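Before anything else, here is the set of structures, which you'll find just below.
Shared between the two complexes below is chain A, which pairs with chain B and chain C, respectively.
The block that comes next holds the complex of A and B.
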């Protein structure tokens, strides 16, 4: 019985017809491909992209160098050195994130008691040379300054779930 | 014994112990803040509230004595509710600044809040703010709002340090821990308050914001400073020592550390560290590689041995060196053929050499000091020279011991002194003889035939009346020009009063130096002779001649005139002026080694960090020099091998003996008493190379520029007032110093500290000194 079934399937090109049916279905269906970079997918406010360091409205940097992000980082991508600034406050003298090591888990952001280190929606960044993706404190602060409006909006949107 | 039940467990405990102790014994943890094993009970934090069956209210476990048949519940509903309630009150005013707090990660409040704190606060009102205070250079009180008023620091000051420098002022919500108006915390044990503080109110100032507790690796080590040999925990981050805390050892330092031991680590990373071998060529210092420097030293030593004889070589080592370094240094010197090696740099009287039955030591165990009931301490700046031993003496006195003092100065020992006799340095021996005479009279072996002072009689009576008696010689007595005779008389007093007799070791290896035989061999020259008759070449092991030796004038003259000076040193110092080679050696955290403390306890330790720059452990350098000089037996591949070689054979306990084979002096020979006599202590924070470079310690009041202090009548004679600058002259060299009247000093004495750059140009630590109006 099985043999007869296979005999007819072979001669009537059953597999071919079945395969072409899939092709035909997708040919007429609605297209879902995003034409990046002309088109972009929508992003969640919780998107975890490039890191940034934030400042308060007064211009004072938020980071107090508690080193919780350094301790929690599973990829050991963060390096922090701390010293007392002239005004007696605790501040970082070095805050580096090696984006090559980073796995974008967002733990740093979650552990931060002052919302200083955040991950922004920016995901389009490149490094042309070795070391370009080693972000220092100045670069992170510059990121923060550039995207502060978006960062603040995203935090506000997510606040009710935190 | 009393039987009680804690959480269903049967516990047998001594009567009088607290519920907290009993629970601890049974392995049940009760949260607490103000309770500390070594301090009195305050019961002020209320964190240890537990339920006692049939008691109407929860009771504090730390202040509740056990009673027969007591049933305690530490985790019942009532207990947990009480503990959580207390925790909520403690957190009301505690700031939420854990992320910037140095205590974060090792904080009792943080830990206990995890178990007993609420997830949020119901408190809506304003938080209390306590302004910061300035209490000196060691303790940071920048965030006193964190204080939970446990009063551990206050009790520590009263009960352990002996001086109440912090207190709680005001009441209720206004209660604050503060020092007396405008005064800093100056106790030489003050750093322990940092450890005691269960929160981040008192933190270490030098350590402030430099590391978090979880970043630090901890290594065990031993203090290289005084003869105590305190156990240390060295905290390291990125191959750098970040701080030092005590490592608990009940037999030695208990859980305390003196400030000297705690903060000297700053010297390890000092910019003055020598990191490259250096050679002097045509008056200029060149950095060279190790082989070049060692070859140069070996050639130089060979030259001098061939031309002038090996006896032209002399070696001096600091008693803060490790056992292995001292042993290899003497082995090297004796291998080359020179017997001139010594580590007793500040000693003046060497007449006991060859007459000793063994290495001089404490004569008892350190923790037996607490149980003494009669004590005679001769010539010791006890608090500054031996801060933790002084604490043990205070504990003994607190238990009822009678402390007798014979000295040339009358410093406050922070405890009641039964009898004290303060005399000029040259009368010290005479006074001891009087005490001996008084003892003999009392025992009826002789009748009084010479004059005996009242103080000597009462000291003798005090000693004779005790069960556990000790006679201890301090640094001043050991450095005295009549040290051997003083020791003989003291030994006789000890045998008459059935006391134990011992020496308070000046430095970490004061006993070890003898065990390592770093003393002159047959016909060898001792530290003093080597300088009186200058040698052609000197090997200096971490010695700064102008600060570490009995007579700096002589020392500088000798090393300056030498043809070759090899300075093995961790630091660049004055050696640049007179040395020919500087070899960088490791500080104690960078090498393995051992110290034998004053009670004869061998304590070995491993290196905690890698040597700085090109510095190398001194035992390796000396081993290589031995190889280059073809001295046989230099094949060690570890410092342990060196230690095992020198400790093999006779057990250490049998090598320790304080007996001196010298005749008992009958009459003290008095020098012609003209002019002033110098009394020189070594200030606590300039006593060794490491503390001299600790920047925080150098800012404390104990490190202030030395002054010359004299009895008020001497000032009147001179026609100067306290605070004036005078010229202090010794052997024709004048040094300007401030003068201060101190009526506790005997007349005819000028107290001029040694071992400090300001007095480094003066002469010997004892002898005549002139003070002139400038």
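The block that comes next holds the complex of A and C.
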């Protein structure tokens, strides 16, 4: 009996028609394509994009050169040199992130005791020649200055979960 | 309309004498080939759109409104690309293969009737001519595969040829049923044999339904389309027989594949779906019906591609030799017996 049933199912193309019904239904389904330059998907406040170094409201840079981020970085993308500043505080003389090596894991951000190194929502950046994606301290600070409002807002929003 | 054409023909005859005939024929050929080429271009667009929609994407929509200029842009790109000839290849055959692939696909249109008067040449053995032409296109594929001097291209060509040869038999037997039912080899007369008072019930699709299904499936296999696209199985042999081709030479293979698809769609509508005949008695017969039916078959081709995974090679051969050929032979006998009884009303 089962055999006869299968025979007819095969010759009536039962399964093929069933499959085509599925694709036929999806033909009329709502399309989920995001037309990227015109539309963008929503981002989480925890979005991990381009790095930035933050400053306090006074204009003083936050980074104290503890090198925790350098130590935790799994891709060895961070390079830090530290020296004493005239006023006796410990500050970085060099803070470079090689974005070519970086895997955007967010460990540097998490390890930072003063929230100095952060990852912003910026993801649309390019390098046109070798070395363009090697970000120095000045570039990171400039990023921080540029996006401070958004950065502060995201940190505040996420603070209650940390 | 007809008087205008006739007066135009008379005028040309008076003006150029015997020279007029080849010129007038060329004009007619262009009138067939140009729309076919245009439909090929827009079939690629339709394919990308339909498959995109079935995969809940939107398909090309950047070039022109709704992406309508996409095929033009693709054509331009291919046109300006370099044709790379592999150093180990046979140059002459390598260049001539894409032309051999495309030419039969276009030549077959010579006997295609668009309505009871609109046909380039009323050949009495039109069906035989079409079968011969579609079989010839396999030479383009095997020559391309062989002359490329590449193992992937060669494997693709071998697969493709074995597949086309196998499915041609089933296709041929399916057509034998149509020939028996219509008592003619002329495509125009095959359509007229499906004319009657009952509209679509007079079409050969009704008594020959299994043959209709076999013909469509064998047609998909004939044109090397998914799910029978073993000849270019990306996962095993990169792109099959045209792996070494680039630029316009590649584009010719592409054109040939799609031109063959359109040809099969038209043939299916003519043999089984009553060509330009109207499905209901109260509407007039017209070319629009033929185009609509062919478009539906083409939609089926795209639909298949969006739905089914690729066959394994032995499964393909099993389907061709162990299922289709016995089935079609059986149905030939059934139809032959059926036609001797009063139950045959077509």
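Here is the rule we go by: the second predicted complex is superposed on the first by the 152 of 162 C-alpha atoms of A that agree within 3 Å, B and C clash if a C-alpha of one lies under 4 Å from a C-alpha of the other, contacts with A are read in each partner's own complex, and residues count from 1 in each chain.
What we mean here is this: a residue touches a chain if its C-beta (ideal position, glycine included) is under 8 Å from a C-beta of that chain, and two chains touch if they have at least 3 such contacts.
Here the structure is a predicted model, which means the values were calculated and not measured.
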Clash or fit (per the criteria above) of chain B with chain C on chain A: fit
Touched partner set for A:156, first chain B, second chain C, both or neither: neither
Chain B versus chain C as contact partner of A:138, first or second or both or neither: neither
Partner chain in contact with A:34 - chain B first, chain C second, else both or neither: neither
Which of chain B and chain C A:76 touches, first, second, both or neither: neither
First, second, both or neither for A:103, with chain B first and chain C second: neither
First (chain B), second (chain C), both or neither touched by A:19: second
Angular separation of chain B and chain C about chain A, which is computed from CA centres of the superposed model and rounded to the nearest 10 °: 140
Shortest CA-CA distance in Å separating chain B from chain C in the superposed model: 49
Where chain A meets both chain C and chain B, residue numbers: none
Parts of chain B lying in touch with chain A, wherever the complex brings them together: 98-100, 104, 142, 208-210, 212, 214-215
Of all residues in chain C, those that touch chain A in their complex: 50, 53-58, 61, 213, 303-304, 306-308
Of chain A, residues touching chain B in the complex: 64-68, 71, 82-84, 88, 90, 113-114
For the chain A and chain C complex, residues of the former touching the latter: 13, 16, 19-20, 22-24, 26-33, 35
